[in-house]
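Accompanying notes for the structure given below.
By letter and in written order, the chains are A, B and C; residue numbering begins at 1 in each of them.
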Amino acid sequence: MSSSVFEYAPAPESRSIVDIAPSYGLFVDGEFVDGTGEPLKSVNPATEEVLTEVATASEADVDRAVRAARRAFDKVWGPMRPADRGKYLFRIARLLQERAREFAVLESLDNGKPIRESRDVDVPLAAAHFFYHAGWADKLDHAGLGPAPRPLGVAGQVIPWNFPLLMLAWKVAPALATGNTVVLKPAETTPLTALLFAEVCRRADLPPGVVNIVTGAGETGRAVVEHGDVDKVAFTGSTEVGKSIARAVAGTRKKVTLELGGKAANIVFDDAPIDQAVEGIVQGIFFNQGHVCCAGSRLLVQESIHDEVIASLQRRIGTLRVGDPLDKNTDIGAINSAEQLARIRELSDIGEAEGAERWQPACDLPERGFWFPPTVFTNVSPAHRIARDEVFGPVLSVLTFRTPDEAVAKANNTTYGLSAGIWTEKGSRILKIANQLRAGVIWANTFNKFDPTSPFGGYKQSGYGREGGRHGLAAYLKGHDA
Amino acid sequence: MSSDRLAVRKTYKLYVNGAFPRSESGRTYEVTDAKGHFLANAARASRKDARDAVVAARAAFRKWSGTTAYNRGQVLYRVAEVMEGRHVQFCEEVAQSEGLSSSKARAAVDAAIDRWVWYAGWTDKLAAVLGGANPVAGPYFDFSMPEPTGVVAVLAPQQSSLLGLVSVLAPVLATGSTAVVVTSKERPLPAITLAEVLATSDVPGGVVNLLTGDAEELGTWLAEHADVDAIDLTGAPAGRAMEFEREAAGTVKRVLRPPATEPDWTADPGLSRMTPFLETKTVWHPIGV
Amino acid sequence: MACMTHVLDPDALPDDGRALMAPLPPYDDVTRSDSAFRAFLHGLPGVDQVGAESRVAMLGTRSIKTTSKAWAIDTAISMVDLTTLEGADTPGKVRSLAAKARRPDPGDPACPHVAAVCVYGDLAGVAREALGDSGIHVAAVATAFPSGRASRAVKIADVQDAVANGADEIDMVIDRGAFLSGRYLDVYEEIVAVKEACGDAHLKVILETGELVTLDNVRRASWIAMLAGGDFIKTSTGKVNPAATLPVSLVMLEAVRDFRAATGRQIGFKPAGGIRTTKDAIKHLVLINETVGADWLDPDWFRFGASSLLNDLLLQRQKLRTGHYSGPDYVTVD
């Protein structure tokens, strides 16, 4: 009996709950319609299996969607009693909960993220966002955003592939609650849960045109953003694309919110609760394969505890289970696409070439699919590219500091400003450091926590505007930029 | 007092980092009154003056943003007090610059002073109005608070030389940001007098930097400058705002777009000129024993 | 400091009850004085309660199925300290428990036996005799269990009596009163004295974490027990709620992990009280597996202090074997 190894037998979540059609159209004006662009294939990144074919919306298709959204805004959704708008959102929230397992499995298939995360984080949080915003619909007068706030009109929304359903919820729920209608473009590699959401809108009897979903790649996104009858642009994605959107809307009256990249510092002081800090480091960089804009990708550890922390971290990383996203015991799933995998590999190779030391645990990766093991770089200097560029993968760069001032200076030494972490048992230090960090979300003695009541968004080149909470409503109302 | 005394004319210079330098370029331009009569030579700020102003504003930001809200309010109120002491001079300059009757000029100056008072009272209310605790579904204390954006470039209104200027500058200071302001090109003199007020009140050097000159020329440098966090395009010359906004996109600057026409500056501004220059910071901490 | 019962001078001669044994290097000087010991214990890294809770909640989602579940159930059975600690305990009750310990499932000889039978000291002899040469250990609770409120002489006598009766494992309770009033060295010295009284018997040190309340205290008490020479650290008596919660187990496992890393000496861990179902047991096995690793997945290093747990493990074992659900009439009532 002794020295037996406790291996967990495979515990796959059944995929029979999802029913993927051979092809999907666009969701416009309450109907699924053909797209006129060249269709895309959606691939399971864990197996490279083609899941289905998805339509591409051309400029003309996007125009149809925007016109549908405009009609719905003018004739139905705008004039509707706010309490009824709220009730539709409550309905959607309930439907998301009822079909949670289906959404979770589909998300893991399409995105590659572990079922544990899609089941315990993405889907419940998406439902929570609809619940939260449902309640706002008839209470906007009390939101402190001025008297009788009015919606903007048609919102064009472009979302990324890292949290496909959750980002949809972050965008659609506040837009609808404030009385806007939407044209949403999901990411080209992860359109399936958005299309299932379209089905949910139909089941909720949401009036046609209130939510329109146009699938496609960058060109489709551009058509949404640049459409002349779009009043509001909301984008989550790379800083590079964010800049091009800011350029594209220059000189228009379109209101814009951008939630872009990050290179968050996770600062560990020598008096930190070490075991929880190590958990937080792991959660910070390996959650969702590191495909997280607010990932704690720069570990700033006080020099006096560097070796101890790295040893603990390596031991902990050794217990991470990399593999089949549908296995309920998987901690790290597949990289979302071949393209992203290539970028992670390239930056990691550069890190090594620049003199940083790469460490990866022994782990067997599946033969097919896109995989990258959890990776830690030590001996990283602030000048290294892996300390500056957003890798958007399971790659942690470790830097050290000696004093609180140095920690803050290094943490802020980035063009980004989305999030940061602080680990220390000293309360006054937390508040001081939190004050000095130029980042929109500060997690102290925790990391990567999200909630619909809590505003999220960045400083500097991590974007502008907030999503969530009272602040998130302002982005969809006239005249209020709070 | 004899009426044939030869007047001592004032030299108008830039206001950068708490000092009054000439433009490093050595350039000046003629400023006339509303009827075209010569009033003075103003310094015509250059790219390098803009650069120096940004450096000064950045250097001043940490201290100014770290000043208590109560203290910032007092500093802003002090500006109003000192302006009041120069009431006559402001009225004269505004009347000359804008071609207003003396009563209308007085009304504009009164409103400008009152605007400082109004914003002085805002400094320690913003966090309560714009921040708060967020009831997250878990054992965490979670709160959000407004924080200043940083260095704000302001293209001040071209028409309203004092009230318009104060209306765009005071909110930037109230939120805790620092400012690089390009004044009205043709009506810069009240701005320089305001600089003298700022220099002799309690506003630390570098918190406000005033550049006289051409927003058309300086706007590009400020919009492109990587160390500027936000830009107010209110006074951008016609047809250039879009270009400046595109340039500002290069570093994801917060942009306050210009109104279609210059607004009625006497109207209640609400929060609309402060919120564009405020970030929201959200802090999470576990609740446990 | 609430009560200064010890001189602060490290060179002063120890009084009669003073430690005879210094802790292992590199900690051999931390018990030299009250103040040094307090500084050491309060210098241990803190525990963030919410972080610890969310870690165990995540591990609680591990899905243990089929072959790994069968392995886990048999392993758990072999780790049970089958316990009866009632005022109404009799030799008959203990004999029946011993029989169950030897053959938990009379219908299946392949079912492993448990690790130990745990009783009050006066019944240790009965248990010893009933267990014979089965290899099953006899554990006795001692030191004025469960409150620990007696003089040290009485506690030592209690231990000596249990050992004389045949116990080869002693489950002692720490002096929580001394701990909570900051007299850490008192707690330490008492454990040292008890360990000495144990002779060859293994010592399990019960922290009674439900009375220590905070996870910081759990970590400090764990270190006191390990430094003092305890062979096992144990969560609870089973008489106080809450008993063995998963966050407490996590912190104690981190303590044994860190202690071995620093000193080379491995300490066992025994959660006791409140573990009633197979699901609870498997969560603990997962916790061990992913916190300290396979070295502790062994009855020599890990025990469950439980009474009703065994029957649930047996029911689940039958379900796995036969493929259908079992019922309470298919396991023995003890």
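As a working rule, a residue touches a chain if its C-beta (ideal position, glycine included) is under 8 Å from a C-beta of that chain, and two chains touch if they have at least 3 such contacts.
Given the structure is predicted, the values throughout are model-derived calculations rather than measurements.
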Overall pattern in which the protein chains touch one another (line/ring/star/complete/other) | complete
If you tally the C-beta contacts for A-B and for B-C, which one comes out higher?
-> A-B
Ranking chains by how close their C-alpha centroid sits to the total C-alpha centroid puts first chain A
List the centre-to-centre spacing of subunit A and subunit C in whole Å, with centres computed as mean CA coordinates.
-> 44
Here the gap between subunit A and subunit B, centre to centre from mean Cα coordinates and rounded to Å, is 37
Distance between the CA centroids of subunit B and subunit C (whole Å) is 69
For subunit A, which residues are shared contacts with two or more other chains?
-> 445-446
Scan subunit C for residues touching two or more other chains and write them down.
-> 48, 50-51
Residue numbers of subunit B (touch at least two other chains) | 140, 286
Note which residues of subunit A are touching subunit C in the complex, please.
-> 1-11, 116, 120, 271-276, 279-280, 319, 328-329, 425, 445-446
Note: in the complex, subunit A contacts subunit B through residues 128, 144, 146, 239, 242-244, 246-247, 250-251, 253, 258, 260, 415, 430, 434, 439-446, 449, 451, 453-457, 459-464, 466, 469-471, 474, 479-482
Where on subunit B is subunit A touching in the complex?
-> 129-130, 132, 134-138, 140, 142, 144, 149, 229, 241-243, 245-246, 248-252, 254-255, 257, 270-272, 275-276, 278-286
Subunit A partner contacts - residues on subunit C that touch it in the complex = 45-48, 50-52, 54-55, 58, 61-69, 71-72, 75, 78, 112, 254, 285-286, 289-290, 294-295, 297-300
Using the touch rule from the top, collect the residues of subunit B that touch subunit C in their complex.
-> 139-140, 286-289
